[in-house]
Amino acid sequence: MTPPHSLSELYPRVQQFYADQVHALDSRQFDVYAGTFTEDGEFRHTPGRPPARTRRGIADELSAFHRERFGDEPVQRRHWFGMLRLDQRPDGEIHSTFYALVVTTRPGVRVPEIAPSCVVHDVLVENAGRLLLRSRWVEHDWQPEGAAAPAGGASAHTTDEREVEVGAPLR
Amino acid sequence: MTPPHSLSELYPRVQQFYADQVHALDSRQFDVYAGTFTEDGEFRHTPGRPPARTRRGIADELSAFHRERFGDEPVQRRHWFGMLRLDQRPDGEIHSTFYALVVTTRPGVRVPEIAPSCVVHDVLVENAGRLLLRSRWVEHDWQPEGAAAPAGGASAHTTDEREVEVGAPLR
Amino acid sequence: MTPPHSLSELYPRVQQFYADQVHALDSRQFDVYAGTFTEDGEFRHTPGRPPARTRRGIADELSAFHRERFGDEPVQRRHWFGMLRLDQRPDGEIHSTFYALVVTTRPGVRVPEIAPSCVVHDVLVENAGRLLLRSRWVEHDWQPEGAAAPAGGASAHTTDEREVEVGAPLR
């Protein structure tokens, strides 16, 4: 049983969790990034690619993706997350939905590319006092997946289905 | 009488409020967006357009604006808010000022347009434990309004006029 | 001795500190910006320019930089900070690392320039209940400085060197 957290406690904690996570990702510490998932975690980051599973699988998928996409190019990527919505469930899961932009800079080129725009659906759990990602599903705005549910789709769309009462008291 | 909130409580709560609000807006749930205003709320979103008033008026204005601007184009917009400043007033009003960017993606086009850059002036109130917007005024950086005060301008500029003592303790 | 803060208290407080700071900066209130540093604060904002020191020196450097860069152009800049990581040290220093983007709008031009992408390394201290910057070092992604340590580099890289255990409990 995980006790519910106040939004005051949870919100900055999740913001810091994401900051730690993307600083690792953008430094190409793929093992550290994968270590932010549960052992059996699932990660769907690009439409058309099968989901990666387990920490080992997630780290391998990220290495492969970067190699295919950038080869030896010394690009610096920066993942920005924003407009974070958190929803604590009675079973202790934390459903998190937020916007993401990827900023990519090439050495000597002052103006970065900012693309794509995404919305990310996470399921977080707490394990021995640590936050971990059970699943992450990234939707790309330019490649709408429509009504297609992700494989093992329990983690998808859930935050969109909740009754929204914007501005309600903390829960 | 609304009791004052600590910044620890208020800041994440307002961030979540805005996240819920823009996720609704960007899903074109204009009624949900309008429902984040007080019944007599006022919304000035674009220079040269008269302010919309009341929830009904705000929802109608958003529908009209989207129809004129995008017609049947299947664009996906994402509103990003950042650099949020909160100022609690003795009367319980919360004055909020922040930056905004609008990210617009068209299907099949990977790189979104990011424009315009804005600064937003909100007045929030708490009603039966719920945050609601009493007024929102959006300034567009590319169309400076100069010294022109908005109609019923009590809500405008106020956060800029306060004595800034950056880094002061919570209040 | 500064007591350690909970992340719940510290994180929103630093976010508000940065918001206050950049609203001042983007309004060209360089004295207010400089006043967010300690009296002997150090500010390195652009590769190749020597660090500015003391509040007077920082305000002067900003005035000079803006004059050189923009002259009388009526540009509106907006500094966006994101993906904030905070690390409290036993001696009371708060090491803060975050991403930054500069959004620059020219009157009449709807689409702003968004550049450069940066990562910022701050050292914050608390003085008489107020947060102040002891040092700020801005790395520009398009001009990698490599292994070159900044002058008086105690403040640099430190947050990257800490043992990252993402999602660990508050400390």
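Which chain is which? They are A, B and C, in the order written, and residues in each are numbered from 1.
Operating definition for what follows: contacts are C-beta pairs under 8 Å (C-beta built on N, C-alpha and C of every residue); 3 or more make two chains touch, one makes a residue touch a chain.
In this text, all values refer to a predicted model and were calculated from it rather than measured experimentally.
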{"item": "Equivalent interface positions on chain B and chain C, same or different at half", "value": "different"}
{"item": "C-alpha-based rotation, chain A on chain C, 0 to 180 degrees, nearest 5", "value": "120"}
{"item": "Distance from chain C to chain B - Cα centre to Cα centre, in angstrom", "value": "26"}
{"item": "Contacts with two or more other chains, residues of chain A listed in rising order", "value": "8, 12, 82, 114"}
{"item": "Residue numbers on chain C that touch chain A, as the complex places them", "value": "7-8, 10-12, 82-86, 97-99, 101, 113-117, 119, 141-144, 160, 164-170"}
{"item": "Chain C partner contacts - residues on chain A that touch it in the complex", "value": "8-9, 12-13, 15-24, 27, 32, 35-36, 74, 76, 78-82, 103, 105-112, 114, 129-132"}
